[in-house]
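The two complexes that follow have chain A in common; it is paired with chain B in the first and with chain C in the second.
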Partner chain A sequence: MSKEVKIIIDGKEIKAREGEKLLWVALDNGIYIPHLCAKRDAEKPDASCRLCFVEVEGMPNPVTSCTLPVKDGMVVRTRTPRVDRLVSTAFELLLSNHRLGCGKCPKNRSCELQTIAKERGLKLKLTRLRPLERDLPVDDSPQGFIYDPSRCVLCGQCVWVCHNKVGVGAIGFVRRGIERKMATFGEVPLAESRCTQCGECVEVCPVGALTKKEEDEKQAESA
Partner chain B sequence: MELLEGEEELIHSEVDSIFQEFTPERENLIPVLQETQKRLKYLPKLAMQKIAEKIGIPEVDVYSVATFYNQFRLYPPGKNQIKVCMGTACHMMGGHIILESFERRLGIKEGETTPDREFSLERVACVGCCALAPVVVVNDKVEPKVSPIRVDGILLSYEIEKKLEEKEKDAEEEGKSQ
Partner chain C sequence: MSVTRSEVAKAYEKLQTQAKKKVESLKEKPLVTVGTATCGRASGALEIFNLFQEEIKKNGLDVNVMEVGCMGHCYAEPLVTIYKPGFPSLCYGSVDEGKAQRLINDYLINDDPCFEFAMAALEPNDFFPTFADYPRGVYEYKIVMELCGLINPEDIDHYIAHDGYAALVKVLNMDPDDVIEEIKNSKLRGRGGAGFPTGIKWELCRKAPGSPKYVICNADEGDPGAFMDRALLESNPHQMLEGLIIAAYAVGASQGYIYVRAEYPLAVTRLQTALDQARSKGLLGDSILGSDFSFDVKIFQGSGAFVCGEETALIASIEGKPGIPSHRPPYPATQGLHGKPTLINNVKTLSYVPHIIRKGAEWFKSIGTPESPGTAVFALAGKVKNTGLAEVPMGTTIRDLIFYVGDGIRDEKKFKAVQIGGPSGGCLPESALDLPIDFDSLQEAGAMMGSGGLVVLDEDDCMVEIARFFLDFTQKESCGKCTFCRLGTKQMLEILTDITKGKGNPEDIDLLWELAEDVKAGSLCGLGKTAPNPVLTTIRYFRDEYEAHVNEGRCPALMCKDLIMYYIIPEKCSKLCDVCIGSCPTEAIYTRPDMLKAIDQEKCVKCNSCLVACPPQYKAVIKISPPRPVEEGEMKQDE
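Up next is the complex of A and B:
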């Protein structure tokens, strides 16, 4: 067991295990830092969503908290003008590639994008960027769930779970740049892939890209 | 893409022989894919599946890498290779409209090959004759100032060529059988 250290986040003294990533220390102590791509048990963080920035005393630039191991005496601030600017840009970039329409989404009110917007006072609409229109087909081939790639934020939670927890490895990221998406081998529908339809990926999707069919139906009825 | 006669056997033997040179480790994935493409001219699905199995990783991980790098092609080069220039000058002169015309006419997307393997379609960066924009290169022949109507003309000329070749072949065979 690594030794216990004391750090300060937003003026609050917090006990943590040395080397633990700052993001999880903050979240476990009730301090919210926006995050989408971090996986608690992953060995190497992807650090791809660029939402979890904080400032640390003694460091010249804001750093991603999901990659930062805590050290004794660390002084962290989660909100500074520089952090806020970085986060709002990263957030709008994500939204530009995400088909908005919370009213019709089964994840309405339990979506991580909504949480981030609320916590940080950000708008769930585009102000500076143009939307990237992608006409991607919805995959409703599995028995119990639906994959709508237009809502995917490329966080990689599903891919990680499918590989590392379920041990199947049916899905991954394919192509690159603006064409990047989560897909199966050969981009065939899930039901035609090696997917066992265990549904674990649906549990970890932070947005409305992977959703249970029953919830989609409920949503359709109430709308 | 449907495999040709004998292609399946070829894929198996080439991939097997490649793994005599490389140990089946994840670090070798890219060199193995490069060598596979060198030998087979593209990365057939079957080859990717076989490579995944040898290295012991999910096949989607191989597909991820193959679709990430531009150097890899998932479709065989066509007998006639159409390259539509998407350099700055050609782009300004409507290169993407030309690309779309080819896509529609051939019924394939950029990066793909027609099922009969006659035509493959790619986008390329500036080919060095911007004054002739928009430019298309078919095999090694430069087609200058291409308009959507010209697209039909270009394809037609290769289709006619193919018909002529077939006729000649038939005539030859008839000649032989007599």
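Up next is the complex of A and C:
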């Protein structure tokens, strides 16, 4: 067991285990830091969503809290002008590539993007950037759920759970750059892949990319 | 050490005596060398090489013909050097079939050295100037390129005869810590771009717990317009290999990799030959030169992703995973390949190592600047007269590099900017010409040393288009993992594309700047962190060009197709000539009733053919920006 250290986040003194990643320390102590790609049990942080920036005294630039091991005496601020600017740009970048229209989305009111917007006072629409929406076919081949890649934020939660918790490895990331997306091997529909349709990926999806069919239908009725 | 100093040294002495004998015997009779690196081959060097061989055979001449690498004078390829006893050794540039025949008949068969198409002599003599007598030679200082183009890269004996592997012998009798101390003392900085102190990197890796340790040579050179590493590997692969073996000894590694792009097939072949020969001489493999140090090297061919030049992506690629970067720390020096301490150095960095070991850290520090000692190898490209590779001391100004080493701008055009460091670097304006080239001053100016690509831009280059070109490259090469790089570069590219099409809004320039700053600050790896540099520097130094595009729909360099139109000045057009009509692929040019030519703007696709075709005595075709109706007589006063 690593030793206990004391750190300060936003003026609040917090006890933590040395080496634990700052993001989890903050979240466990009721201090919100936006995040999408972080997995608590993962061996190495992805650090891909670029939302969990904080400023640490003694460090010249904002750093991602999911990659930062806590050290005794660390002084952290979760809200600074530089942090807010990076988070708001990263958030709007994600929105620019995400099919908006929360009213029609089954994840409405339980979507992580909505949480971030609420916590940080950000708008759920594009203010400066242009839409880079993808028009990708929806995969409704599984019996119980739907995969809509146009809503995916590439956080990798589904991929991680499929490989590391379920141990099936039916899905992964394919292609590069702006074309990068979650897909099965050979990009065949989920039902034709080795996917066992266990539905664990749906549970961890923070947005409306992987949703249960029943919720989808409910949403369609109410809308 | 289980082996005494003299045993390793003796083993090497034996190798070197043999090698020297072999190399000296080559020059007992005339020797023709042809530069057959990729640059030479692209200009037909293999044909010239075959021609020499065939003709020499046909004429029954007692002459040796040998392939060599690239001397750096890529503009003058194919480059042939003839060594003939009793004559100065002469280089001949741009050798075609005709020149080759002359050299065979006049020089090899008879005794006329054809001074009329000689470029330079290799050593001082009474007949012909040497490279050092030209401005370029005054500024150049060759360390890693010293033997390039002079030795046979496919014969290890040529390297050994020139004291190759002597540094390894010296190192095998040293304590690894002392080797690291020497490299630290030399203040050698990584030539891959960022300029991290090499000795400190070695020390971190040596001290890191874990075994086995790995050393990797990063030869994933991917900047558009950069080819220094390729030339070094094709021209003198053993120099890098010796550096890699020394690095392995210093950090305590037993396995090495050379990560080289598969698009460099010749480099891969020559590296493979180098590895085989080094093994057969006992310089690689089990108990090197009879010492108790064992080390071997594998070649790993990368598939050409730009991002795989980034350390963590490169490691992932060797491990068989997608070449996608991960967060640092942990740095590869402590946790790299297969989670083990791994040292990654660039080709050039490793190539300096044998020289530093042989001649000492003090010698190295006597060259260049105090904070960036040594030399820098640049790939000169773009609108400069003498394209090719140049090795100059750090601290040489950009002006000297372009106007003396590169011999100035092509076609007497005006210098506008220089793009240093490839897609990660920046565009520096004329006011930066006197900037000394070293890691820190370039960084301060907003560019970076990068791997050493240097593209010269003239008045005909639009800075917005240049920024768009480089961003288009990085955007396509983004792995897509992190938000800023995947989406931020795309957003920036969209804005830039709009501006070059005349669809930009006044607020776009500031938005572009903000986005560029955020992508730089927020990206996960070096690719994203540096991708905005071309945009930031062009806005910083050439904001007026952005404003002209956005506010006036005008491209000052007349480069952006959507913002220009072609026009034939009636006063200059010859009624009797219709070359332009013949050159136009879309039949947009017609003959007016008064026999003058004019362009139907509806049909014109702005291919530039008419402008090129119009005979120089008329120069009647011009480009106008922004496109607008022109009153007859308006252009009369021009020129």
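Everything that follows uses one rule, which is that the second predicted complex is superposed on the first by the 223 of 223 C-alpha atoms of A that agree within 3 Å, B and C clash if a C-alpha of one lies under 4 Å from a C-alpha of the other, contacts with A are read in each partner's own complex, and residues count from 1 in each chain.
Definition applied: a contact is a pair of C-beta atoms (placed from the backbone, for glycine too) under 8 Å apart; a residue touches a chain by one contact, two chains touch by 3 or more.
The structure displayed is predicted, hence computed values, not measured ones.
Peer 1: Name the chain, either chain B or chain C, that contacts more residues of chain A.
Peer 2: It is C that touches the greater number of chain A residues.
Peer 1: Please work out whether A:184 is in contact with chain B alone, chain C alone, both, or neither, and reply first, second, both or neither.
Peer 2: After superposition on chain A, A:184 lies in contact with chain B alone.
Peer 1: Touching A:169, do we find chain B (first), chain C (second), both, or neither?
Peer 2: first
Peer 1: Does chain B (first) or chain C (second) touch A:220, or do both, or does neither?
Peer 2: neither
Peer 1: Considering only the touch criterion stated at the top, classify A:97 as touching first (chain B), second (chain C), both, or neither.
Peer 2: second
Peer 1: Determine, under the contact definition given at the top, whether A:45 touches first (chain B), second (chain C), both, or neither.
Peer 2: A:45: touches chain C, not chain B.
Peer 1: Under the stated touch criterion, which partner chain does A:61 make contact with: chain B (first), chain C (second), both, or neither?
Peer 2: Touch partner of A:61: chain C, not chain B.
Peer 1: Could you say whether A:129 touches chain B, chain C, both of them, or neither, answering first, second, both or neither?
Peer 2: second
Peer 1: In the superposed arrangement, does A:138 touch chain B (first), chain C (second), both or neither?
Peer 2: The answer is neither, since A:138 touches no partner chain.
Peer 1: Answer with first, second, both or neither: which of chain B and chain C does A:75 touch in the superposed model?
Peer 2: Neither chain B nor chain C is touched by A:75.
Peer 1: Considering only the contact definition stated at the top, list the common interface residues of chain A for chain B and chain C.
Peer 2: Correct list for chain A: 173, 175-176.
Peer 1: Please output the residues of chain A touching chain B within their complex, sorted ascending.
Peer 2: The touching residues are 163, 168-176, 183-186, 193-194.
Peer 1: Name, in rising order, each residue of chain A that touches chain C in their complex.
Peer 2: The contact residues of chain A facing chain C are 44-51, 53, 61-62, 64, 67, 82, 85-86, 89-90, 93-94, 96-97, 128-130, 132, 154, 173, 175-180.
Peer 1: Which residues of chain C touch chain A once you look at their complex with the stated criterion?
Peer 2: Contacts found on chain C: 305, 322, 326-327, 475-484, 486-488, 490-491, 494, 511, 514-515, 518, 521-524.
Peer 1: If we count contacts the way the header does, which residues on chain B are in touch with chain A in the complex?
Peer 2: For this pair, the touching residues of chain B are 45, 48-49, 57-64, 67-68.
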